[in-house]
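The next part holds the structures, each set out as structure tokens.
Two complexes, one shared chain (subunit A), two partners (subunit B, subunit C).
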Partner chain A sequence: MAARKARDFAAASAFLVPPALWIGVLFILPMATMALLSFWKVVDYNIVAEWTLANYERLIRPLYLGIFWRTIKLALIVTFISMIIGYPVAYFLARKTKRFRLTLLVLVILPLWTSYLVRTYAWMLILGTNGAINQTLQALGLTHEPVAWLLYSDFAVTLALVHIYVPFFILPLYAVLEKLDPRLLEAAKDLGGGRWRTFLHVTLPLSLPGIATGCLFVFIPSMGAFVTPELLGGARSIMIGSVVAQQFGVSFDYPLGSAMSLAILAIILVFATLFLRAGKPAGAA
Partner chain B sequence: MEDTQQPDVRIRGIVKRFGAFEAVAGIDLDVARGQFVTLLGPSGCGKTTTLRIIGGFETPDAGEVLVAGVPVNEAAKRHTRMVFQSYALFPHMTVRANVAFGLRMDKVPKGEIAPRVEAMLGKLGLADQAGKYPRQLSGGQQQRVALARALVTQPRVLLLDEPLGALDLKMRKKMQGELKALQRNVGITFIYVTHDQEEAMNLSDIIVVMEKGKIAQVGTPEEVYRRPASSYVADFVGETNFMAGGVAVRPENILIGAALPAGASRGKGVVRAKSFLGASTRIEIDAGGQTLFATVPGAVALEIGDAVEYGWRNEDSLNLTMTEDRK
Partner chain C sequence: MREKLDLNVLLPAGMTRRQTMKALAASLGMSALPGSAFAQERTLNYFTWSSWGEKPFADLAKAKVNIEFRPTFFSSSDEMVAKLRGGGTKLYDMVVPAQHFVALSVRAGLFEPLDPAKMTHRDDLFPEFQNDPNWTVDGKLYGVPFVWGANAMAFNRKLTGEIDSMKALFDPKWKGRIALRDDAEDTLCMGALMLGIKDPTNMDEKALQEVKKLLISQKPLLRAYWKNVADLQTMLASGEVVVAWSFLNVIDPLKKAGIDAGWVWPKEGALGWSEAVSAVKGTKKLALVEEFANFTLSPEYGEVMARYNSYAPASKVAVDRLEPKLAADLGIDPKAFGRLTFKGNLANRSRWNDIWNEVKAA
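After this line comes the complex of A and B, so read on.
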């Protein structure tokens, strides 16, 4: 008996080793390193293991605080727009179509098959001064010179981030809406609820967990985005992800970069808690 | 003046197909006001589809349904409410909010909703559960919430789709009694769907036995049991021994040995199995290749392997049309 238990335990452990290593080496170790680094100093481009809070003090200076605030604002706007666009799509997919469901699902997922970078560059071709939109507008005689704010602006960054992340909103919401018991909607209709009120009182509240997950899936990568704002943003539409990249690349200030990364993590945790709390339906276990 | 002669539900020639499958193949039925009517049959016989057509959840391919004289699909205000098999309670609403839902949708004045909801909760013994969520309730309590939610809107006809199916046997028996009492109390028409013939016998004023999308027989439980219209009905409602020569006899009408009166039809067989059920004993008789079941009162001295003479009074045999499965 005991021998068999020991053998079972050994077998179970063997299966747990790869994921444990994976999480340990690729997640916990880097996080711990960053946490440590964020309390160290940089002297003459060298990292010195001396304890300091200076990196965190620098974070709350107006310059960085402003960028943090801009980033949160932009990420929230991207999340909100993704919700407005994604909800009807997920709803239609889950509840209104059977015949085109697979085709439409593939269309939602299709952009994810191309690189994030390719999609970002594609927007440059569309939005640029010689891009598709400006050329069309000029050909139609609607403007005489290219519309400048299309590219290298908050508009461009928001547009591209929504485009890139909206599938991450649609898919979890779709999963929730698809599982929604159709009898509940029949019951609501039976009790005199029209389409709109059935949606408002039954479908919407029961899809809150999907909305919350979707928001989280869009908000988190938007908070950390740096390639898209780098390429499509203007000089003033810098986001915190780019600043972090600078610390690790150009400035060689790992401690400040680490402190910033941990601050982003903290912000995400706060918003994640808010989203999930808001998304917990009444009466849930 | 309301026409009291007019049936609450009038079904005329309804047909419903799902692809190549004809779920309902032409049904006519009148349901009188205040009756407890059960649609009884095995799965796939069209009973649930018929109920869903009455409730307006499905549109028939042919025929029409009138509830209180108004075609179901054209009614501005519907007169039916459904109690679903799985209850379909709104999980994000309290018991109170679930029950108030229909009144809110009907735009009943706010001041009127609360007292009506509380009264209905009280009537169904749910006063203490009003603030709870459905998942915090037992199956029987959820069942009562579903009933309260439908009844509070004062429908003319209540439709129930195997509402006791999810409950355990003991709870089911208890709820059967409560349902019947409730129906008498509120005095409205109940149309009930089940595949459980005992439940149908226990609850109904009228049983509608269904077979392959059609009605096999309509009658009181006694009529359906004592004078089944076909071998199908005799087989589905209660148990029946089908003898050679087209004779059918209920197990309780099979008599054994000395109990056989003069002039009874007789046969000889061997006891193959027996089980003592308390008030009666059930005996399985091997009658020359055919198996018969007899239910005799009290205990029986016979043992397995004993030879036995069985028979029945000729007036006790059922007069049946043999349907395909028995020909």
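After this line comes the complex of A and C, so read on.
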């Protein structure tokens, strides 16, 4: 009996080794390295293993706090807009169409087949002074001067990030809405609930977990975005992702960059907890 | 093992074992990397500015010294050091630093000294470059500049007319059509020149704060900060931007695209630089790097550089080969040196980076 238990344990352990290695090598090890680095310092392009809180102290100065705050605001706005656009799309896909479902799903996924960078550059062509939108506006006589704030602005960054991340909102929500038990909707109807009432009291509460997951999937990458703000952002559009990239790629300040990355991680964990708590379906344990 | 493994059974008859091993080695080499094993020996991994990786230089190197290079690009000196320091020394054989990053890179253990005796074209250079102290550290030579120039102003002449002053970068007339470089060192130095500060790279905190104030006050006029010269080129070509703090290499492609692009060292000053080929620490091809470094000093290289992308050769012999008109157009008179401010090494780079981020976040 005991021998058998031991053998089962050994077998289970053997199965656990690959995933443990995977997580250990690709996740825990880099994280631990970063945590360690964040307490060290750089002297003349050499990382010196001397304990210091200086990086965290630099982090909480108004400069970087301000950039963190800007980034959180922008990421929340991108998440909110993605929700407003993504919910109806997911709802339509899951509940209102049978015939075109596959086609439409492919259309949602299709942009993901193009490189992120190409999609960002494409927005430059659309939003620029001589871009498609400005030329159309001028041709229609709606404006005489090109509209400058379309490109190199927070508007451009928000628009491109929504475009890039909205599929990540739609897909998890679609998965939840599609599995929604039709009997519940029928019951609501039988009990005299109108379309709106059914939606507000049945569909929406039941789809909260999908909304929460979608919000997370949009919020997390938006928090770390740096290519899009760098290419489309104007003189004021600095985001924390760019500052982190700068520490590693330009300033050779791995310790400060690590401290910033961990701070981003902490912020994401806080928001993840909030989203998931808000996303708990009503009545669930 | 009881039987000796006989590779010959797998191969066409008549091939000896040595030939077999050679063929195997060659095929392995070929699958792993482009080019044959022989070509590999004369190929250098080249970490450089985009200008020096372009086709005319590759063609010339192949034709003149039978060296091929595989270029990887950086867009600022900071980036160069950060990437070499972050593991790049294992990837590259040679690199093109700017003068004020040499001592710093040597101290960080990134460069290998060169043998001065191999730099046979050194005597062809203008005297200023033959023994430029920036390139010698602790008595050892780390490069001989093949090119010099300045970071200054580019403008769209058709829209702005002639420009001779940095004031254009602060002129409300061009509101929303001005671009500055996203680079702490370069742009803070530019601001310092605008304020008449003589030795920008040695600015104290008070001066840095003044420059910061100036640049923040300029932000409402700004279209964007450019990171990559290709992005600036797009902005100038599309008319998004009409005047910018820039590198020289945006100008030629714009001219070729039919845009009347102007280039000027403003009267307030411009930021001078010289560049040379340096050997990366631990390269196994030091002799070949030295051969290539010497080749960049040759009159042929200088001539191609001047004609193809309008950069000023450090080689006097190369300049003598150019028509006087072209030489004048390039502004490659070393007498103009006096108008340039050459950047030195920053005492507190991270402070500059913070100040620059404060400007950008304001």
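The rule we apply is simple: the second predicted complex is superposed on the first by the 265 of 285 C-alpha atoms of A that agree within 3 Å, B and C clash if a C-alpha of one lies under 4 Å from a C-alpha of the other, contacts with A are read in each partner's own complex, and residues count from 1 in each chain.
FYI, a residue touches a chain if its C-beta (ideal position, glycine included) is under 8 Å from a C-beta of that chain, and two chains touch if they have at least 3 such contacts.
Nothing here was measured: the structure is a model prediction, and the numbers come from that model.
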Identify which of subunit B and subunit C touches the larger number of residues of subunit A. C
With both complexes superposed on chain A, which partner does A:Met31 reach: first (subunit B), second (subunit C), both or neither? neither
Looking at A:Arg183 after the superposition, I want to know if it touches subunit B, subunit C, both of them or none. Which is it: first, second, both, neither? first
Let me test your reading of the model: by the given contact rule, A:Leu206 touches which partner, first (subunit B), second (subunit C), both or neither? first
Does subunit B (first) or subunit C (second) touch A:Arg197, or do both, or does neither? first
Would you mind listing the overlap between the subunit B footprint and the subunit C footprint on subunit A? none
Considering only the defined contacts, which subunit A positions touch subunit B in the complex? 181, 183-184, 186-188, 190-194, 197, 201-202, 205-206, 281-285
What residues on subunit C touch subunit A, complex-wise? 76, 78-79, 81-83, 85-86, 104, 107-108, 176, 219, 222-225, 227, 231, 234, 238-240, 349-350, 353-354, 357-358, 360-362
Could you list, by residue number, the parts of subunit A that touch subunit C in their complex? 42, 44-46, 58, 63-64, 66-67, 70, 124, 128-130, 148, 151-152, 230-231, 233-236, 238, 243, 246, 248-253, 256
Residue ranges of subunit B touching subunit A (in the complex, touch as defined): 55, 57, 78, 80-82, 84, 86, 88-94, 101-102, 105-106, 133-135, 149-150, 153
